[in-house]
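Heads up, the next two complexes both have subunit A, just with different partners, subunit B and then subunit C.
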Partner chain A sequence: MLLGKKECLLVCSALILALFTGCESKPKEVKVAKTELVYASTKDIRNINPHLYGGEMSAQNMVFESLVINTPEGVKPWLAERWDISSDGKSYTFYLRKDVKFNDGTSFDATVVKKNIDAVIDNRPRHAWLELVNQIESSELVDTFTYKLTLKNPYYPTLTELAMTRPFRFISPACFVEGSTKNGVSCYVGTGVWRLSEHEKNAFALFKKNPNYWGEKAKLEQIKWRVMPDHQSVLLALQKGEIDLIFGADGDMIDLNAFSVLQKEGKYTTLLSQPTASRAILLNTKQPITGEAKVREALQYAINKEMIVSGILNHSENSANTLFAPTTPYCDVPLSRKLYDITQAKAVLEEAGWKMDEKLGYRTKEGKTLALRLYFNANNAQEKAISEYIQSNLKEVGVELKIIGEEKQTFLDRQKSGDFDLQYALSWGTPYDPQSFVSSWRMAAHGDYQAQLGLEKKAWLDAKIQAILIEPSHEKRGKMYAEILSYIHDENVYIPLSYARTKAVFTPHLKGVSFNPSQYEIPFEKMFFE
Partner chain B sequence: MSGFYAKLLRDPLAIASLSVIVGMIFLGIFAPWIAPHDPIATNLAHKFAPWGGQFPLGSDHLGRCILSRVLFGIRTTLFLALMAMGITLSLGLILGLMAGFFRKAEEVILRGCDVMLSFPSELMILAIVGMLGAGIGNLILANVIAKVAWYTRMIYSFVLVYREQNYIAFAKATGVPPLRILKTHILPSIFDDIVMLATLDAGWVIMSISALSFLGLGVQAPTPEWGMMLSEAKNVMSVYPLQMLPSGFAILMVVLAFNFLGDSIRDARDAREISIL
Partner chain C sequence: MMRFIAKRLLLMLPLLLGISVVSFTLSTLSPSDPAEVALRVNDITPTPEAIEQMREELGLNASLHVRYFSWLLGIFKGDFGVSYITKTPVLHEIANALPTTLLLAGITLGLVLVWGAFLGVVCALYRNRFLDRAIRSVIFFTGAIPSFWLALLFIAFFSLTLDLFPTAGLEESSGIILPSLTLFLSYVATYMRLMRSSMLQNEHAPYIFYAKARGLSEARIIKHRIINALHPFVIALGMSIPKLIAGTVIIETIFALPGVGRLCVSAIFSRDYPMIQGYVFLMALLFLLFNLIADVSVKLIDPRLRGEL
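Moving on, here comes the complex of A and B:
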């Protein structure tokens, strides 16, 4: 027998009472000088094997180090003290530091370097996006602390790519499983500033300071990486003082509206990095409607990116006119600016034969409605807001845009199949732009490749990209980059929106927060409490 | 029969609930005339406007009028829920009557129901939407598939009560065709059971539609929908908490109204024959 109304009321009120008693504040802990930083992320660190792509990059960067590093001033020595490049640009000799030890006591020498790089090459298909892996011809031991890498061609971004967060980082040979790393590793021992001491899946990960670090040691004792899947709970945790830092790039860590309010309130310190990556909309040239050059051109004029930057991104990013920012290497190419111009957009569509159907509210041609599909990752609130705004922009010029939020995996699969008209394209930012991003345009698994398939000169484009990457002359490379960037720009494959920045929000006691060139890394080692 | 309705009409909670539901339906039908703004017109210069003034309940993250969106949301949330329920009910009714009345169909249908009922309905809905993709059509389909087994079983159990009654046996013996027995003898007898079932379940369907849209798997933008509005408001919960109120309150009111009405109907029926449930 179910409860009667009176009993129901009674139970309800008891429940409500219980709910509110739960809110009673707990006694505050006595404050001591803090040596632990609590960082909240929406994602778990997962498997941080440095030679694979399953883990969080910022965690991989804490534990594992590379031969050289990327800095705003260019590539600098790191685990390698110095290097020589042969005159033909094909072989690199690295002279390693002699005072580096892994956390398990193993010393870091050329044998370890060779083992690690061989393990990466052993899994070549998985790393195909990174051209360097395809270019490596041989990897040899010169003496205990000298290592030589020989390439097939004078591949110019070699040092930049060796410095990336993955895969060319070093893990202790003791962690190898059956002599390789591609099927997993037995431990996560690196040479880095931090060592992973505890990890509870989807709850937290604890990184302790490496006391025997060869370089400048971390200022904090430990970093606690807490997993909070929802960014509102992250924000509330910050307000309650449970966490000290929120750090992230692509709208998945902090909502921009919340960021602006926090910035105005001034209770927390907020920081924005230099523009790193490009935010753009990818137009699929292989689909029937977006395959028309005129339609793509009209879309360039129809989207009000100034309003997206001011209204949705709250001026935290700058609007973009070209796919790559002119500050990106080789990308300062004079290209035409395509600004928001609704009359122009209508004129171009009219010219292409898409006539307005007043009854329908949309344009039609030969009985077909001008309807496009834009897919986005349903978990990314920012992408959704931008999509909705673009939808209303396009409606004004008579284009029906269906926006479909999908679960992340479905969304990624769709990139591979090319079954979309419009799609988000977020470049990887420095140091990946432009070379690694452009290089990935040749990979069938990337949305960019699928979307460019309809281009008349796609084969030329791919060949050109291949040629750029192994062109030894800086001037010639510049000219070739200009060619491909102008082609992509004139064909309107991308609608550039803005240049994204990394954001950080933290308690005012925390000092030394800065950004690495890569948006995927967090320089925890420089942070300390006052 | 008349006693049941008279009892229901004497219950103030039932009347209040009914007026909320009917009121909402009217607001939904006349939304284009009542709403102060176009619910999908964006106006980024006025995003997160406070309550009062140009936007009575403020504006959302794209500067759209929240009041207008809530009003138009009735059309999606409430009407979709009623539609989904209508389809489920009709299917469940057909299957339930068949299972209850025709001995040959009984086993097949009931064992089928057992299979369906062994999955939690939420899981089943997520699986179906995951396979077919998001969207209004698939959302309704998922709700129907997930719930039809439960309706079939309930209606089957209502039919069982009457199946062995003497007048049914008499009708059968005198050669009245089965369809006619179902139509004139059984259906009227179980009618108010079905009404109760539907009302009790309506709240659940609304929640399910809103929940899927909240997760971004249901109704797609820019169509205003309460669950989706709630999810959008959630993203700014800590900085603009008022954003959550209108859509959250609308869902609360409608679901509460349906649940209270269902309760009242059950109470009114209980007095008549306690034995059924």
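Moving on, here comes the complex of A and C:
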């Protein structure tokens, strides 16, 4: 039978009301001292097997530890109490702590170290990007708490690379699958300050304090890692007090505009790390126009970095005159400063034969317009704004710049193919800079390699990089780094823009927020609520 | 009826085969090398050795037709392959994400069904009067607002200002309300208008004239009008179900819901071909099934169409 209008209205209202019944206000909990920190990340922790690369590095760092750690003062002991290096620089003997246990009760000893390092070596092609893996000759058990690593050459960044977030971290042998980790692990048991207690894919992960931790225990009881893919939602959740911390680098967690708004608002605490990575524009020496040294030089003078830093980056980063910040190891090299000078840029282009065509509004040479293409990652609002500003800079000197935003994978495909004039570039940051980043210049899959292919001394550059990595003398290495950095600087392969910093925004009650040398790690263990 | 359903199910087979060919070959046309992408998305520098090892691991060295047939054979066994990125079975990944999406789609559908039909009927009965104009204005206004913006406005108002709901996530059951409401508002305008125009079309139909002549009560006449107006409504709504399941990515992203839409978009961005292929195939299957369900429902509602079975 047909319902009357009134009944119909009642049924529908009931349906809506039924939905809203879940939202009756709960009795407000009396907050004493919060022991749970809620951290919002745009990404899920995924697979945190420390010997693979499928998981979030900051989550891997919470659970798994290394023999040594990178600190601002250099490499320090961690699971190894101390180490000896043989006189030829090829053998490293590590003396392990005796009081370390995995979360499942397994003792941490040299057998475990060997098993883990062997598991990494067993998957060598996967780790080939990290030169240390290629340099390992043997992995030996000396006694229960002594382990020896022998290298083919005196590879100088050995300790720095052993301290990296992956792959040289230790997982309980009970988690190995068929004696290895390359095909996955059955559990995520480490020796770290935190243990993963719950994980709901793409929703949240819960890390609980390791009560039996060998070192200084965490001050908080648990960390809730909430996955929130949308930046705006993260900000709204922060305002509502549902999350306590936003932490990240290069706009992946919080964009600079939002960061500066929150900074000015003063309701939340904001922190900026020391410069961690370098933001630059890569100039392709293999392409017809950017292959001309004079054009590359002119572009250096044509871009107003100070305006980018003040207008787009809101002074949250410092402008850069060299590819690596002088604070980066081996990078305090005296190099000429190429500052914004539009007259100089025009003069250099004139000298190179690129004459202004007033009718066209751009420069031409032998009937060819000075038109270039700059590619950037379309999902990064910051890169888009910077690219647009560069476009206007170059127009002033008569260069037509087409800016093309591409989806990330397409952008990376282009890097590999070398089909670009200019491309947005970001270095890997400490502790990967300079050695691992420079080492990657020798790999064809990198834009850097492609962009350097037109250089007269590319073969020399690659050989020099290889030589630096295995040069035992610190002084000689310094000189060799100076040589390659000067060459790249003089050839204008990069237009350095700024030195990126990691950003943190958090509720004022949260204390102890700091930064690790690696931008990919978050030191949750030092945090606590007042 | 059973014959009709069996015939339609049989007709679906060649269609599904065609879809499988398209979904498999289209994804292989992408210029990105899946082995390389599988390395890159995991932040591994794709060295030639690593690419070769990954190609071997993913079985990419086999020819296209061999890979297609092995994939198709797998589908018959319920195996859609393994994700390049997470290394877990595609079906398992989709099954994990599906309950959230189904919950969201189910609530939205319920709201659209009830409110779309109800408001459509009310607007038709009060045609061009104040109530009709007011409802239409409000509904079209909210429907015209982009859903991502509406979602953010809702979070700002209902979560931040009124503190009624969580901003995102499903840890509290009330977390589903705002996403459902946002989706509902972007869908309801279409269905309300469909119901209204369908009701109006029926207003002067001969059967109404006959019913009036027979002296039927106004309520009974309206009942017949509603039943007749429901045909296009039900068909359109039926087709909306797979659309709701497949395309709620914006809402899922803003409200941090771990659903199928987000799974698919992240698979597309990371060129996770087995995941994309499995998703396209399953969604196509859903569209076909719901099309069939909608057709069967219309026939069940309308006795005149049963003769065509």
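Definition applied: the second predicted complex is superposed on the first by the 499 of 530 C-alpha atoms of A that agree within 3 Å, B and C clash if a C-alpha of one lies under 4 Å from a C-alpha of the other, contacts with A are read in each partner's own complex, and residues count from 1 in each chain.
Just so it is clear, a contact is a pair of C-beta atoms (placed from the backbone, for glycine too) under 8 Å apart; a residue touches a chain by one contact, two chains touch by 3 or more.
If you're wondering where the values come from, they're calculated on a predicted model, not measured in any experiment.
Subunit A has more of its residues touched by C than by the other of subunit B and subunit C. Applying the stated contact rule after C-alpha superposition, one finds that A:407 touches each of subunit B and subunit C.
In the superposition on chain A, A:311 contacts subunit B only, with no contact to subunit C. In the superposition on chain A, A:239 makes contact with both subunit B and subunit C. In the superposition on chain A, A:392 makes contact with subunit B only, while subunit C stays out of contact range. In the superposition on chain A, A:118 makes contact with neither subunit B nor subunit C. When the shared chain is aligned, subunit C comes close enough to touch A:227, but subunit B does not. In the superposed pair of complexes, A:47 makes contact with subunit C only, with no contact to subunit B. Put simply, subunit A uses residues 2, 232, 236, 239, 407, 410 to touch subunit B in one complex and subunit C in the other. Subunit A contributes residues 2, 4, 8, 11-12, 15-16, 19-20, 22-23, 25, 46-47, 52-54, 124-129, 184, 200-204, 226-230, 232-233, 236-237, 239-240, 242, 407-410, 412-413, 416, 440, 443-446 to its touches with subunit C in the complex. By the touch criterion given at the top, residues 31-32, 36-37, 39-40, 42-50, 52-53, 85-87, 96-97, 107, 110-111, 114-115, 118, 152, 155-156, 159-160, 163-174, 177, 180, 219-220, 222-223, 226, 253-256, 258, 262-263, 269-271 of subunit C touch subunit A in their complex.
Here subunit A touches subunit B in the complex through residues 2, 5, 231-232, 235-236, 239, 255, 257-258, 261-262, 307, 310-312, 378-379, 381, 384-385, 387-389, 391-392, 402-407, 410, going by the rule given at the top.
Taken in their complex, subunit B has these residues touching subunit A: 13, 40-42, 44-45, 47-48, 61-63, 130, 133-135, 215-217, 220-222, 232, 234-240, 263, 266-267, 277.
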